[in-house]
Amino acid sequence: MTRKIGIIGLGHVGATLAHSMVLKHTCDHLVLIDTNEKKVKSDALDFCDMVANTGYPVHITVNDYAALQDADVVVSTLGNIELQANNTNDRFAELPFTSKQVVQVGRDLKASGFHGVLVVVTNPVDAVTQLYQQYTGLPKEQVIGTGTLLDTARMKRAVADRLQVNPASVSGYNLGEHGNSQFVAWSQVRVKGHAITDLFSQEELDAINYESLRGGHTVFFGKFYTNFGIAAAAQRLAEAVINDSHEEMPVSNYRPEYGTYLGYPAIVGRKGIVERIDLQLTEEEKEKLLHSAETIKENTRKGLEHA
Amino acid sequence: MTRKIGIIGLGHVGATLAHSMVLKHTCDHLVLIDTNEKKVKSDALDFCDMVANTGYPVHITVNDYAALQDADVVVSTLGNIELQANNTNDRFAELPFTSKQVVQVGRDLKASGFHGVLVVVTNPVDAVTQLYQQYTGLPKEQVIGTGTLLDTARMKRAVADRLQVNPASVSGYNLGEHGNSQFVAWSQVRVKGHAITDLFSQEELDAINYESLRGGHTVFFGKFYTNFGIAAAAQRLAEAVINDSHEEMPVSNYRPEYGTYLGYPAIVGRKGIVERIDLQLTEEEKEKLLHSAETIKENTRKGLEHA
Amino acid sequence: MTRKIGIIGLGHVGATLAHSMVLKHTCDHLVLIDTNEKKVKSDALDFCDMVANTGYPVHITVNDYAALQDADVVVSTLGNIELQANNTNDRFAELPFTSKQVVQVGRDLKASGFHGVLVVVTNPVDAVTQLYQQYTGLPKEQVIGTGTLLDTARMKRAVADRLQVNPASVSGYNLGEHGNSQFVAWSQVRVKGHAITDLFSQEELDAINYESLRGGHTVFFGKFYTNFGIAAAAQRLAEAVINDSHEEMPVSNYRPEYGTYLGYPAIVGRKGIVERIDLQLTEEEKEKLLHSAETIKENTRKGLEHA
Amino acid sequence: MTRKIGIIGLGHVGATLAHSMVLKHTCDHLVLIDTNEKKVKSDALDFCDMVANTGYPVHITVNDYAALQDADVVVSTLGNIELQANNTNDRFAELPFTSKQVVQVGRDLKASGFHGVLVVVTNPVDAVTQLYQQYTGLPKEQVIGTGTLLDTARMKRAVADRLQVNPASVSGYNLGEHGNSQFVAWSQVRVKGHAITDLFSQEELDAINYESLRGGHTVFFGKFYTNFGIAAAAQRLAEAVINDSHEEMPVSNYRPEYGTYLGYPAIVGRKGIVERIDLQLTEEEKEKLLHSAETIKENTRKGLEHA
C-alpha cells in the first residue's frame, strides 16, 4: 500500500524534484540520500515544516540505503554541475566525476535489495543509465533515463510559442543523446492536424531544433544550473511508473539495435519500460540516430577511461 | 477571470514559491521581478519547459511593474540571506539592507497602480510589512506578512512528532515577532481534545517552544537558507486571498492596540485581512506579546537609523 | 479575479459536473439553475456540506440568472433523458422538447448580460449549440458544444484497451454529429508511433468505430443515463476556457463550409474557439463528414418543425 | 505499491464516492460491487470514458470479491434509501433490510481474505459498523463508520455561515449516533479564538444544533437521497487510512465504556483507528452521549429482531 520513492542527490534538481513530490503527494514515504548530511537533513526538516500548512502527511527517511529495499522508484539526481560550467556545457564533462559515484551508488542500491524502477537524471544521462544498469544488475527495463524527455518538452515549447497552442497539443519527439548529438525527428512532429514540415520552412525548423537543444543552455547560463524543467520531466516519468500509466514518452531506454541507451519513445508503466516503440523514421533521421548512438558510445568509452 | 500573481525577488524563497504556484496552478499569469535579469529570465524559461510534461499552461511576464497593475496578489520575497549568516541569525540584521529596496519597490508598486493584496515574506517581516504599507499607501488590511505562520507550523510539527498525530490536527499559534521575541501561546494550543498544558510538563513545553523558534536555525545552518517551509506558508496565505477562503491563520497584521504589525491570528480573504481575531490570552502571554511588539518597534527604529 | 461558472440543468450530468468542479476547485463561485427548485437547493446545500471535509471554499448561488452577467463560463446540461429511452436512443428525439427550453434559456442568458463562453452539453448537441448561438446572440466562437469530445474519448479507450496503452497516448478524433452519423477519422489516428491503419485490419477498425459510437449505448442501457464520461469532457472543455489553455480538442464548433456546428478539432482558450483547425482528410472521410453535416441540418429542421 | 479500494453498493453515495476517487486519483485500482450487475458495469465503463480527457489511468474490476483480498480499504455504501423516505427519515428504518445484506457481505469479505480497513457508510451506520465487525471478524480498529463526520461538517457549516469564516476553521464535533439522538458537544467547539458558548446565545446554539441534525433532512427531502456531503466525508476517511495521515476526526468507532460503536473523535491512519481520544465533556454532554449510546443499542436490538 505504501508508496515509497528514493531520491539520491539533493542538489538543485533533487531538491526541486522532492519539492514537487511533496506538493503533489506522489508518495507517502520519501527516502533522501546525499553525501552532504547537513544539507539533506536541513531539506528534510524544511519539508516537514510544510505539513501544517499543506495538510498532507510526509514521512522522510534520510541517508539510509536499507530503506530503499522496498522502494517503488529511486531517482538518481546526483552530479556536479560545476563541471559543466567549466567545460563548455558538454554534459559528458561530468562523466569522469559522476561515474565514480554512480558505480558506488549502483553497488549500494544492489546491496539494499532494491528491485523497483530506477529513474536516472544524472548526466551524461544515457551513459550513466547504462552504468547503473550494469552495477545494480537490474533488468534493462527497470533502469530508465529521462533522456530526451526534457529536450522534447523544449521543442514543443518552441513550436507552441510560434503557433499559439498548448505545448501538450504538439506531438513528436527529440531522439538520441540527451546532449549535443540529439535532433528533432521532424517526420514525427504533428500540430494542429498537420505535419510540422507543412507549416514551417527548413530555416524555421532549424531554428526550433536549435532552441530545443540550446534552450537548456539559455537556462543554464542564466543561473548555472537548470532544475524546474528537468524536475517536471522526472516527476512525470516517476508518476508513469508509480501509477502504472502506460503513457508513451521519449526516455532513455536500451535499444538493442543501437547497443546503447538513448532517447527514444517507449510505453512506461509499473515494470518500467513496458514496450519499446518502433518509429518509421526517414533515412536521414535513421542516420542521425545512428550517429547519436555512436557519439554516446564513444564518449562513454572516453569518459570512463578518464575516470 | 484571469488570476494574476506577482513575485518580487527570485532568490531561494521566491523561486520555490513560483515553483509551487506553477505546480498547483494557483494562477494563470505569473509576473516575476528580480534585479538579476539573467537569473529571472532563466527561471521563467525553465518554468515554461515544464508545460509539455505537466499540461498546465503558464504565462510568465518578467521584470515589468506595469503588469502588476491588475495583479490579485503580489508577494515580496526579496532579501539578502547572507546578511543573516554573518549576524548570528537575527532577522533584523537584514533591515538596513532590505529597507532600501523595500522603499523603492513600494514606490514602484504604487506607481504601477497595483491595488490587490501584498503578501510580505521579506525579513524582518513585521518591520518590512509596515514599510510596504507606508510606501504603497495600500490600506493596512491589504498588506500582510507571513509572520508567525511558519513558526506556528514548526510548533505544530514539534507537538505532532511527540504525539504521533498530523500537524494539521494541532490547533494554536505562535504570536508576536517572526523572530527571537516570539512565543507559543500555550493557552490556545489544543490537541487530541486536550489543552496542551494537560499533556506536557513545563520542561517539555519549553523544549517545544525552543524547537519552534530554533527549527528555522537548524534548517538555516544546514544549507544557509530556508525555502520549502516558508514557501508553503506564503502559498497558503496567497491561496486564502485568491480563493477568498476566510480561513483563520496567524499572520503579521496591524494591531492598533500594539501600534505595529505582528503575528496574530486573523481571517484572510480576497480583501486581505477580513477580520481581526481577539484571543483570550493569559496575563503572562499578554506581557510577552507586549514585549515582542516593543522589540519589533525598537529594532525597526534602530534598523532604519542604520539604513 | 473571481472565477464564476454557471450550470443550467442539475440532472445527472449537471450535478456530476458540479461535483467535479467543486472537487477540482475549478471556480470560486458556482451558479446553479434548474426548474426543480427543491432539487437544486438540495444539491447546493449538499455541496456546502463537503467544505468542512475538503477545506475548499464553495460559494453557490441558486436560480438567479442575474448572477450570470459576469460568469466566465456557463454550461447547459438541461435535457430530458427519458425521451431518449423511449426513442431507440437517437439523441434527436430530445430536440422537440429541449428546443423550447433552449430558446427560453438563450433569451434569459441574453437578458442577463452574460458575455462569456457558453458550453453546450444538451442533446442533440450540434443542433442545440446552434440554437443557443442564435438566441443568445453571442459570437459563434463563444458558443461551443461538447460534440465528439466524448466519442473521441470512447474511441481512444477502445484503441487503448487493445494495445495496453494509456488512452491519452492515442491521438486522433471522431468527427461530425455527436450522434449516429459520426465516424472515426482513421487518417488522423496515431498510436505507438504508427498510423492506426498499420496496426489493425479493417474489420478491427470497424469494431472500434462501433464501440466508440455504441459505447454510449452500453452505458446508457445499464443505467438509463450517462454522466461520468460526458461530465469529464465538459469539465475539460470548461477548464480549457477558464485557464486559456489553447489546447486542441474536437468539439462542436461552427464550420462555415458545412453551414453548421459539428464535431471538429479546434484550439480552445478564454475567448472560446481561438482557432479552427483544418485537417487533411481522405476523400471518403470528407464525404462522411458532409453526410454527417447534412444529417444534422436535416434532423434539426425536422425536430424544430415538431417542436 | 498498488493502491486498491473497493466500493460495495453503487447507488447514489457509492457512485458519487467512486467519482470522487477517480477524479482525485485516490487509488490505482477500484473494485466495484453491486447486485445490479448492469448498473455497476455501466458505471465502470462510464468511468473509463473519462480517462482520455483526464489523463489519469483507472483500473476497474467489477463484482469480484476475490479482488478484495489485498484491498487497502473497502467502503460499504449499500442501502435502500427508499426505506427511509417511507419511515419519517429515521435511519434505523433501514436496519431490517440492510442487516441481511450486511451479514452476507461481511461473510463474503471474510471469505475473500480481506484484511485492510473497512469504512462503513451504510445506515444506520453505528449499528451496521458493529455488524460488519462481527461478521468480518476484523479487529475493531479496522472497521470504522463515517458516524458523525458528516453531522460535524453540517454543524461547522452552520457556524461558519453565521460568522463568515471557513467551516474548516471551526473546531469541534457532533457526538453519538449518526441519527436523531446525536448532539453538538458545545464544550469542544471553538472558532475565532473563542469558545462557541461565548459567541452565541443558547437559543442560537439550539438553532445550529437543529440545523446540523436537520441539514440532512433538508437535503434529503429535496432529492430523496443525499450524496455529495456524505461522499466527501467517506473520501476524507478513506484518504486518512490510505495516506496514513494520523488526522483526528469524529467517526463511528468502538468505545468499550459505552459497549457500542458511536461517533467520537479518534486518530485515523493506515491501521484504522490508531488512537481513541478522550474528551473532557460536561456532565450534561456525558449524559447525552450515554443516552445516544443506549438508543443505538436499543434500536439495533429491535431492528435485528424485525430482520
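Order of writing sets the labels: A, B, C and D. Residues in every chain begin at 1.
To be clear about the criterion, a residue touches a chain if its C-beta (ideal position, glycine included) is under 8 Å from a C-beta of that chain, and two chains touch if they have at least 3 such contacts.
Chain by chain, the UniProt names read as follows: A, B, C, D = L-lactate dehydrogenase.
Values in this document were obtained by computation on a predicted structure and should not be read as measured data.
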{"item": "Distance-maximising chain from chain B - centres being C-alpha averages", "value": "C"}
{"item": "Of A-B and B-C, pair with higher C-beta contact tally", "value": "A-B"}
{"item": "Rounded Å distance, chain B centre to chain C centre (Cα mean)", "value": "43"}
{"item": "Length of the line joining the C-alpha centres of chain A and chain B, rounded to whole Å", "value": "34"}
{"item": "Residues of chain D engaged with two or more neighbouring chains", "value": "55, 57, 160, 166, 168, 245-246"}
{"item": "Chain-level touch network, classified as line, ring, star, complete or other", "value": "complete"}
{"item": "Complex contact set, residues of chain A against chain D", "value": "1-3, 25, 28, 56-57, 59, 72, 116, 242-246, 270"}
{"item": "Chain C partner contacts - residues on chain A that touch it in the complex", "value": "55, 160, 164-166, 168-169, 171, 188, 190, 192-194, 245-248, 265, 267, 274-275, 277-280"}
{"item": "Residues of chain D defined as touching chain C within the complex", "value": "16, 19-20, 22-24, 38-39, 41-43, 45-55, 57, 149-150, 152-154, 156-157, 160, 166-168, 170, 215, 218-223, 226-233, 235-236"}
